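Order as written gives the chain letters A, B and C; numbering starts at 1 within each chain.
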Amino acid sequence: MKKEGRYISRTLENMSKNLSEQRFGLFLILPSFFILALIALYPILRNLVLSFMEQGRFVGFSNFSTLFQDERFRSVLINTAIFCLISVPLELILGLTFALVLHQKFFGRGFARAVSFLPWALPTAVMAVAWKWIFNDTYGVFNDILLRLHLIKEPLAWLGRPNLAFFCIVLAEVWKCTPFVTVIILAGLQTIPLELYEAIRVDGANSWQRFRLITLPLLKPAILVALIFRSIQAFGVFDSIWVLTGGGPGGSTEPISLYIYDTVFRYLKFNYAASMVCFSFIFFLLFILIIYLTFSRRQIEY
Amino acid sequence: MSIKNAPAYRQSNKKYRLAPLDSKHLTGLARIFFCLAIISMVVFNLAPFLWQFFSSLKNSKELYLVPVTYIPAKVSLTAYEKVISNPLFLRYFLNSVIVSIFTTFVTLSLASFAGYALSRLKLKFKTALQFLLLLACLFPQIIFLVPLYELMARFSLISKPLALVLPYVTFSLPLAIWMMTRFFLTIPKEIEEQAMVDGFKRLAILRKIILPLSWPALATTAILIFIGPFAWNEFLFSLSFMIKDTSKTVPVGIALLSGTSMYEIPWSQICAACVLTTLPLVLFVIIFERKIIEGLTRGAVKG
Amino acid sequence: MAEVRLENITKLFGGHIIGLKDFSLQVKNGEFVTILGPSGSGKSTALRIIAGLEHPDKGNIFIDEVNVNKHLPQERDVAFVFQSYALYPHMDVYENIAVGLRIKGCCKAEIQKRVQEVTGLLEIGKLLKRKPKALSGGQRQRVALARAIAKRPKVFLLDEPLSNLDASLRERMRTELKMLFNKLKATVIYVTHDQTEAMSLSDKIALINNGMLKQVGLPDELYYQPKDLFVASFLGSPPINTLEADIIGENALMCGKICLNISSDYRLKLKNKNKVILGLRPEDIKVYLEPKENTYLAQLILIERIGKYTILSLNWQGQILKAITERDFIGQHKRDSIWFQFDMNKLYLFDKETLNTI
């Protein structure tokens, strides 16, 4: 351990002492730095500026006041919130289950892992088209299976009725994004030393206890990472909903990102859209802050 | 009675490598349950793709049969013929290929350089870069849409491939840099020090010593970039920035085909197009599964 | 071959952790000098500073009277052999040796000649096409040495090259190394924590602890004329026995309950002191099975049979002493008491506070 510490401090000393090596390091980082600053940082700052302007003139908070009175905005916010609250926990539970299964050794594990990773690797929009075909009211296989199992009496208009459509978009999203959670939790599972399980087995614990006392607590960091990333990504969901329902029927499945897109490309109101983005951005920051505070405190208690 | 005969030890000896859910007493039942879990998992993940696949092989009459047939009675490739002979679809495909390959190549180059620098520790700029990387990977695309559109318009990049490559590279960098940095950290510093004493110049060390050793990591990262959310599969930016029909990428092409048509939606062609777009990826993932999963899961959890 | 001089090198880590403090060393042309010391004493740091892999905070390094402080490792014309050998994993043995020569500018023919020379010297001719992962530890080490020798550097710097080898291989390689560098008449600076290695290989030993040079000299000098208790106890296996004693009267020491007479030479040096530490090497203790003239009684606690000799642990007045005897000195019978005797002239005296030799 001592040797490691010295190794790192050596590297630091090496680097900071030699100016030309510093310049070399800078040369290596600069391209990435530049492109990130341009495409990732600049837009965020520009959004802020745009939201306070209208067609090139500074208008103060007028965009935001319109925003707060916008009914459609309120409804998309609610839609998005409900969407996240339903899909993210589902993905966490499903992802956890899949990871636990895939962590075991069994015949065909490679294939099972590949298949479980597949939804993440396939284009969201293309698979949403596939889902559209599956949920087709007349020719869709989903209705067909339900009819054959006698769970429904006649075909349902899955994409035509608000609640059913909501179910469809949640299913499509959960299907697509569970692999993300699965991989993160698999990584977390691999960090748990096997000796802990052996020790607690010697103490007489059964499977459920082992899961509760060792697996779950030690997975907390992984679950947290998955939770944060998935929540934010779910909030920004666009691809699958644009394809599946376009926000319909009657805006019942419209998420905030779709409204922003429409505002830009259909109504051509850039600044208003920018104010919506600002609002969402602040929302994200608050969310991250809350999660961070809650969980980092718990870590200390631990 | 020796400890080796004790039931607990015997059980644990057999399956002690299996972690949380193996049960001690209900081996038979638990095993069945476990198999069911695996099967449901596989079916759940594979079903949409499989359904598209079978649908694409049906001729148009069978496709619109109610009740639905699962395995096509007569395999017909007419849908595929129509799709492949459609020059617009081929154009979309080509665009996707060009954009994805460029993205992968540029991201790999930038990530190798940055990863190397980060792995050898720098002071001020390291934190700045990491902050930017966090920004890029934490927030959803919609946040960046409006100003980026403005930017692309200002530089007349609308409907040009560069309009996509730039953001794709940017948002692929966090994962790519993370992977390359992690990998470079596993190369012992002594090899580089030996190279220094041997007389290699700094850039030469990177080119002749480090990069040749990095092929596995480079390959895995390339795969992850290509099948990731910012290359082949990306939708929002492509939809927004590629206005001209001949510049669009495949996901946008297929989505537009399935949605905005006033006439009856050509489902058989759509299914065929879907399969053509996704089949290469499916095969890719199945063949390189090990590389992908291990590349992502080895090492500590991110953050 | 060249001479190396370190002048007052000071190196601090993180601003306050002492790597080296005022470290000075002179290595003449063709000398084999070992920097010896415990883990973390700064010996590797010193070596790396000579190579240019670290920069000193204060002090100068001279290779052949040229100040190389500002020179990069690439420019110093030294060869460095790492503890882990640092072979390039993606190149085969021939490439590993050749790559440094190619950078130096040697032509193809010259490279081939040197590689053949060096692989013949180290007997690795058959391994030329293999990659490092297909080599054993000993083979890798030879390749690392071959690479260093082929370079024909001004100085050889070796950082614990034998530590990763198993014991029997280590002994063999030690002999080979000595013969090798004798033949090459090379300037070698060697770092190790193993005092046997240092004693057997070097022309000179520089003993270092906590970043400071303790003593420099011939191996025998350090062994028989240690400057302080640290040097005395570092060299020698088993280490030197230490006893506390009080000074009473003009020429007597009180060690526990035993009174020892000391010669007049010591008397002068002991003038102002009350307590002193005695040092007695295990090989200077003679052990007897029966009481003889001038022997002391001790309790035998432990017998360690090393093979060629036996180490006895004796309890004398509450202190543990170790003595070396012949292999078959003690039979299989259990013994409790043993008598021992030591030569007063072979006794070392150390000041209790400064731990310097008196």
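Keep in mind that, in the parts below, a contact is a pair of C-beta atoms (placed from the backbone, for glycine too) under 8 Å apart; a residue touches a chain by one contact, two chains touch by 3 or more.
What you see is a predicted model, and the numbers here were worked out from it, not measured in a lab.
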Which chain is most central here if centres come from C-alpha coordinates alone? B
Any chance you could check whether A-B or B-C wins on number of contacting C-beta pairs? A-B
Interchain centroid distance [CA atoms averaged], chain A/chain C, Å: 59
In angstrom, rounded to a whole number, how far apart do the mean CA points of chain A and chain B lie? 15
Using mean C-alpha positions as chain centres, tell me how far chain B is from chain C in Å, no decimals. 56
Touching two or more other chains - residues of chain A: none
Expected list for chain B, residues touching two or more other chains, is none
For chain C, residues contacting two or more additional chains: 53
Per the contact definition, I'd like the list of chain B residues that touch chain C in the complex. 188, 190-191, 193-201, 209, 212-213
Given the complex with chain B, which residues does chain C contribute to the contact? 51-53, 72-74, 76, 78-80, 82, 84, 86-90, 99-100, 103-104, 147, 151
Would you pull the chain B residues touching chain A in the complex into a rising list? 8, 12, 16-24, 34, 37-38, 41-42, 44-46, 48-49, 51-52, 55, 63-68, 70, 110-111, 113-114, 116-118, 120-123, 125, 128-129, 132-133, 135-136, 138-151, 166-167, 169-171, 173, 177, 189, 202-203, 227, 229, 232-236, 239-240, 250-252, 254-255, 258-259, 267, 270-271, 274, 277-278, 281-282, 284-286, 289-290, 292-293, 296-303
Which residues, counting only chain A, touch chain B once they are in their complex? 7-8, 11-12, 15-16, 21-22, 24-26, 28-29, 31-33, 35-44, 46-47, 50, 97-98, 100-101, 103-106, 108, 110-134, 136, 138-141, 144, 147-148, 175, 179, 183-184, 186-192, 194, 197-198, 201-202, 206-207, 210-211, 214-215, 221-222, 225, 229, 232-233, 235-239, 242-243, 246, 256-257, 260-261, 264-265, 270, 273-274, 277, 280-281, 284, 288
